[in-house]
Amino acid sequence: MGESEFDVVVIGGGSTGTAVARDCAMRGLRTLLLERDDIASATVGTCAGMISSGLKYRREPDIVRMCSREVVNLNRISRHIIMKVPILTPFFSLEEVGSSTDYVTSYANHAEERDVPEMLFLTPDAAVELEPKLNPDILASVYYEEFFIDPFRLCMLQAMDAMNHGAIVKTYCEVIDIETDDAGSVEGVVYYNRVTGAIEKARTKTIVNSAGPWAHKVAEFAGAKLELRLNKGAHVILDRRVVNVGLVLKALDNRWIYLVPHENTTLLGTTALDTWEDPDSLVASFDEIEYLLQSFEKHVPTIREARIIRTMAGVRPLVPQWNMPEEDVTRGYEVIDHETTDNVKGLVSFTGGKLVMCRIMAEDATDLIMKKLRRTTKCKTHEKPLPGNEDDVDIVALSKEYGVHMHALERMRARRGTEIVKILELTRDHPEWKTTICTCEPIIEAEIRYAIREEFPQTLNDLRRRLRLGTGPCQGTFCTYKAAGILADELDLSGDDFLVDILDFRAERWKGIRPSMRGEQLAQEELAQGMYACVGNLDQSDVDYDIKPWEEGT
Amino acid sequence: MNEDEAFEYAKTTLKEERITQYSPTEQEVVKSVESCINCGLCIQHCPVIAAVGVNRFSGPRSIAVQLSRSPPEFWSTADVVYLCTGCGTCKEVCPKNVNIPEVVNMIRSRIFDQRPDLVPKGLHIVREVLTKYNLAFEPWEDLEEKIESRDMRLERLGLPYIEDPKLSKADVIFYPGCQAEERSQEVREAAKVILDYFDVNFAVLDEMSCCGLPSVLMGDQDTASSLSKKLEKQVKSIEAKIVVTTCAGCTSNLSEIAERDGWGIPTVHVLEFLAEQIGFDRLKKTFSERADYSDVHVSVHDPCHLIKHTSRQVMEYALAILRSIPGVRVTESKAHDSCCGGGGLVAYHASDVANAVVKENLEAINETDAERIVTPCPLCTAQIESNLFKTGSSVEVDDLTVFIAQRLPRG
Amino acid sequence: MDFHTDLLVIGGGMAGLVAGTVATEKGLETVLLRKGQSATAYSSGAVDVIGYLPEASAPFISPEEGLTAIAGLYPLHPYSIVGYGEDVSPEQVVDTIISRTKTAIDWLKEHLSKTRTPLVGDFSSNIYPITILGTTKPTCLIQQTMYPADLEENEESTLLFAGIRGFPEFNSAAAAKTYLEDRVALSLPPRKVAHCEIRTTPFGETLNLSQIEIARHLDHNEGLEDFAAQLKDHTDRVGATHVAIPPILGLRNAVANQTKLKDLLSAHVFELLGFPPSVPGLRLQLALEGIFQESGGKMMVGHEAKSFKLKNGVVESVLAQAPKRAATISAKAFILASGKFIGGGLTGDENGIRETIFGLMTVTGSYHSAEDILPSKSTNRLAITPEGQPVYATGLTVDPNFRPIQEEGVEWAGNLFAAGSVLAGYNYSVEKSGLGVALTSGYSAALNVSDYVKEVSK
């Protein structure tokens, strides 16, 4: 096969795209993954990371079963990036208690396989003791346990594993056309390489369209039709853990929303608004923020005392079921074979799905492709561990051996698992790389350089996804310029690029900070302005800064 | 499972996940630390960083913005969080007055609870003494030897012996603190001399017990709580209007407990009592009555628990009192308000760090050419004294309470 | 213990300390409360007067040029306030503003010249020191240790950017490239530029180094000599005439160190402007505190103004809260120099912007009420632009005497004055005017307070 010929080209590097690339590569297909921005830069990058038991979809027992099984699979292959979160759901009326039986039962059906308890009923006193911030005016509450995963690491590790099995992963490559033959069958893709500025081609007879909220546009390139229901969801992120357990309860409009501890922050989410705007331009709105805060205020009266550090917003590519609220839309997924639906041979698309299902979605799609290619290798993605998950890691011993503080290693372990040793080894020749660059997480220089060398980031924002750079309370105020220097060093960037990197990352952080600006963040941003504008004079810099999609307009 | 079993199950999971709920006071501390903007001003002033560097002790900034964000990870801060001396300099310089010392105590309490194997061994020893004797120092086995030692000190220092009042009710409670009770007995005696001289109606506790600060500092909340309850009971039974102490740590800790548990009475250092209840006019007159004074050149060390945890004004009182004593010349050392390294229980497990911290103080003291250092805290006295001795310096260290008592008129 | 004084200053940054010193020099008994250090203490240590008009892109050649423009276009800018005395006719406004500002700047330079942190620079022109990013910014006064001598004038100069291994705040290669590319973009004459990395080990390691550690290390002879020896290898190698280092030349001995290095290296070493927490900012803070205390002022550190008593249109007293003690301080006059959001003078949430101690009326940069505004609506979509973020122009509006006013335009209290970043009507980050406004408003407020106290004492 020629250099630009592939068995399969996957479009979209989110949770599903990277899972597909991994499965295809593991089954011996010559695979190319094209992502127009960075891995996990779209929908999956703005979700809470819950790999849910499917509780919400109890009306679709097949989906509940699938979710439960996938939680087991994910725990098997990527335990190191998964956290268990105990959850409380308080009830305020007998009616609520009564109506809960059906989901309590369906939850119980599969609890054991995930190694979690069934839903347990607690007295109000017990609930308040577990979570003192809870409004004690409750009738009863139910306790259960769910799992959360780091979505960025999941996608990155799936991509890395795909590469380990021979796949080629290209970020910043935007597909601008799909070439078809006279019969309408797929022949190849045309893509714009945003880093080099070149237009490139790849030949293939099979394309998997996992472009999420852009999947319908990609399908159009091939002359196929794909309908989606696009729905915006926003989260508010609070600094540090302010609740001990996750709280799942009903919002002002009776939707289920949650407040969950997530690594070293707390997530409050989420909203649902059908959208037709450019997903890249969306930011959380004041209404969405107030909706979440006011909904929670009833149950956690002190919620506004917590420090809001930022917001995030993304678009769900739902299965196109209309005439019903977003909540009622199926969370199952569809694998669409366009040969059958549009007579376009060689194009497979997805609609719907949830983070927890990404592996099974990939399995189904890859099974379909293998069948079309008349190959028989079976799926192994549920068995083989993702990189880093091979073993446990002894933080205390590593700390002593390499002379790095335990907490920094513990946070690194949550991202890297066994890979942590490779990073620490870099410090043998370069002890100065043990220096802390991001003081909020923390992140040491060695991990930044490792990520730049091994995980193909182009910008500080890409580094943020890989390392959680700039995700703490200071939102990158202090690490932006330091990390920019390291990136400039590793990629041999010009002075202008160094400054543009700083401005780009400040812009990206500002995107999420601005909608919820208040309280402590006012002081934080005054400091950031004081540094980058007042001292650095970057507001007067004439470097080539590109206006971002969300910055356009008045 | 029934509801009780369910509760137990849930609690077990929380324990496994290393989640311990914040108490209401702790929630205030968490709220305070949420204000941190990562500016790093604290790093510039932290005495431990000045002594050993950010690489060894990542400092108050890291405690606020990094180490305290996720309780399940608190255990992994054990190689940093015990190096804090609790001086509170960070809190004082912080634009937001983030309460780092309390955050440190909170983190230590979780480590104590969940990973006692990571608590430095020296601290476990302190705990053993506390739980066994209700005191931070092992008491004398032989009371006669204790009295002998006391009398020797009194003689050396030229102080009279004032008997412990036998009152069960009084206006004032004198609380010496564990160190003055069992080790630096001269401090305890000196305070009684002073109170007696000014005809203060005071009582001492029947059974001396620790205020609990060492327990707070090592995160042993249970022992701290039982000690404070024990003390409260005794204090209330005496029905006093004020508690007076000679230890800086006790001053700030008792002020904290009294406010938190609603004792309803103030707890002050003897310096405050002298300045506010006796008054400077009377003090000045008193000292001037002593004709046989001698000249002495002193410098002062400000205990962190007074200036940073209570109020800077307390040491303003100290200076004013000293300046009203004839013959006393005071030269302020440029490190007068710099931590001596004796706090935070650091000396119990990382004496190299504690002794590195005090170096700056010693250098500054030498620059003043003073003959004596006075400080109103037995811990600071001990820390500075032992380190001065090691450098071969001839400067002597006095507890300020003793210094004042020595200069009261006789008879 | 409660007590009484002539003037109580709330806030211990540039504005408060300058105000307190000027008042003490005028014979007032002055006490200053400070709950924490703030922006002044970690600033870059340069004193900006006025670099740009808000939203403009051409820097002013001199503070004088800038003040003239400000006075014309922004009559309620804190700089403009001094132009509204009773005895100032409309034609004299601009001159009054310029002369008062110049007086304040001269006052500051003169006072600091006697400390370890002397300033250089002149009211007659802005200068463009280099920052640790390699960019430049206009400012009026810099610390002597930042003075680049004849770097610009000397056509044969070779500039060496010297970084320090394990010190992450300064990347000498990136800064050198940025500096060069800037010069090309501005069509400035080319310059020979090099970069290097040296090692200094305050605690035996080359990692996690902070500005303060290195500065303290260089305050000691061995530290400085080792630093010089390493630099010399590089300056000799590239023939450097000038060396740009991060702001770590020393905490106490920076000026002396600069001279020593000049002798040892035969090259002029100067500090770049750094990011917080910057050592030059700390030097400036300590120097100002020293000046205040030496003039006879009394500082109450660790005290927060928690509440107040108002009677008959004057503030009677303020409750100063220490960690576990409190004191009621009564005074004839009060100056509020409590800072903006960092300092805590202002606070804001979805219900509006509030002044935290007295509950004074707050306004936006365009003098509408800020009491109900949503902070996020007072921001720009773009993060870093010459327009800045309007929310940082909110604060207090004052009368010509620097007394905060109420809605009707009347002063809130006859004896309450305000200075520094708690004032509205300017955005220091984009104008480059922070310490300048603090200096002049503090200076002017103190003069007014002094007149007021003398008046009421009759």
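By letter and in written order, the chains are A, B and C; residue numbering begins at 1 in each of them.
Please note the rule applied: a contact is a pair of C-beta atoms (placed from the backbone, for glycine too) under 8 Å apart; a residue touches a chain by one contact, two chains touch by 3 or more.
Everything quoted here is computed from the prediction, not taken from an experiment.
S.K.: Most remote chain relative to chain B, going by C-alpha centroids?
M.R.: The most distant chain relative to chain B turns out to be A.
S.K.: Per the definition at the top, count C-beta pairs in contact and tell me whether A-B or A-C has more.
M.R.: A-C
S.K.: What's the distance between the Cα centroids of chain B and chain C, rounded to whole Å?
M.R.: Chain B and chain C have C-alpha centres separated by 37 Å.
S.K.: If you average the CA atoms of chain A and of chain B, how far apart do the two points sit, in angstrom?
M.R.: 49
S.K.: Just give me the whole-number Å value for how far the CA centre of chain A lies from that of chain C.
M.R.: About 42 Å separates the centre of chain A from that of chain C.
S.K.: Where in chain B do residues touch two or more other chains at once?
M.R.: In chain B, 37, 39-40, 55, 58, 95-96 touch at least two other chains.
S.K.: Using the touch definition from the top, which residues of chain C touch two or more other chains?
M.R.: Correct list: 39, 205, 207-209, 276, 342, 344.
S.K.: Specify, in ascending order, the residues of chain A that touch 2 or more different other chains.
M.R.: 434, 436, 478, 523, 527
S.K.: Taking the touch rule as given, give the residues of chain A at its contact with chain B in the complex, in rising order.
M.R.: Where chain A meets chain B, its residues are 84, 86, 117, 120-123, 126, 129-133, 143, 145, 239-242, 244-245, 261, 263-265, 302, 305-307, 395, 399, 405-407, 409-411, 434, 436, 439-442, 472-474, 477-478, 520, 523-524, 527.
S.K.: Chain C touches which residues of chain A in the complex?
M.R.: It comes out as residues 286, 290, 304, 431-437, 445, 478, 481-482, 484-486, 488-489, 493-496, 498-499, 502-503, 506-507, 509-510, 514-519, 522-523, 525-527, 529-542, 547, 550-553.
S.K.: Could you list, by residue number, the parts of chain B that touch chain C in their complex?
M.R.: By the definition above, chain B touches chain C via 37, 39-41, 43-44, 49-50, 52-56, 58, 88, 92-97, 252, 255-256, 259, 275-276, 307-314.
S.K.: Residues of chain B touching chain A in their complex?
M.R.: 1, 3, 6-7, 9-11, 13-14, 17, 19-24, 27, 30-31, 33-40, 55, 58, 61-62, 65-71, 73, 76-80, 95-96
S.K.: Any idea which chain C residues touch chain A in the complex?
M.R.: 39, 43-44, 48, 52, 57, 59, 131, 133-138, 165-166, 168-171, 173-182, 185, 205-209, 273-276, 340-342, 344, 347-350, 374-377, 379, 381-386, 388-389, 391-392, 428-430, 432, 434
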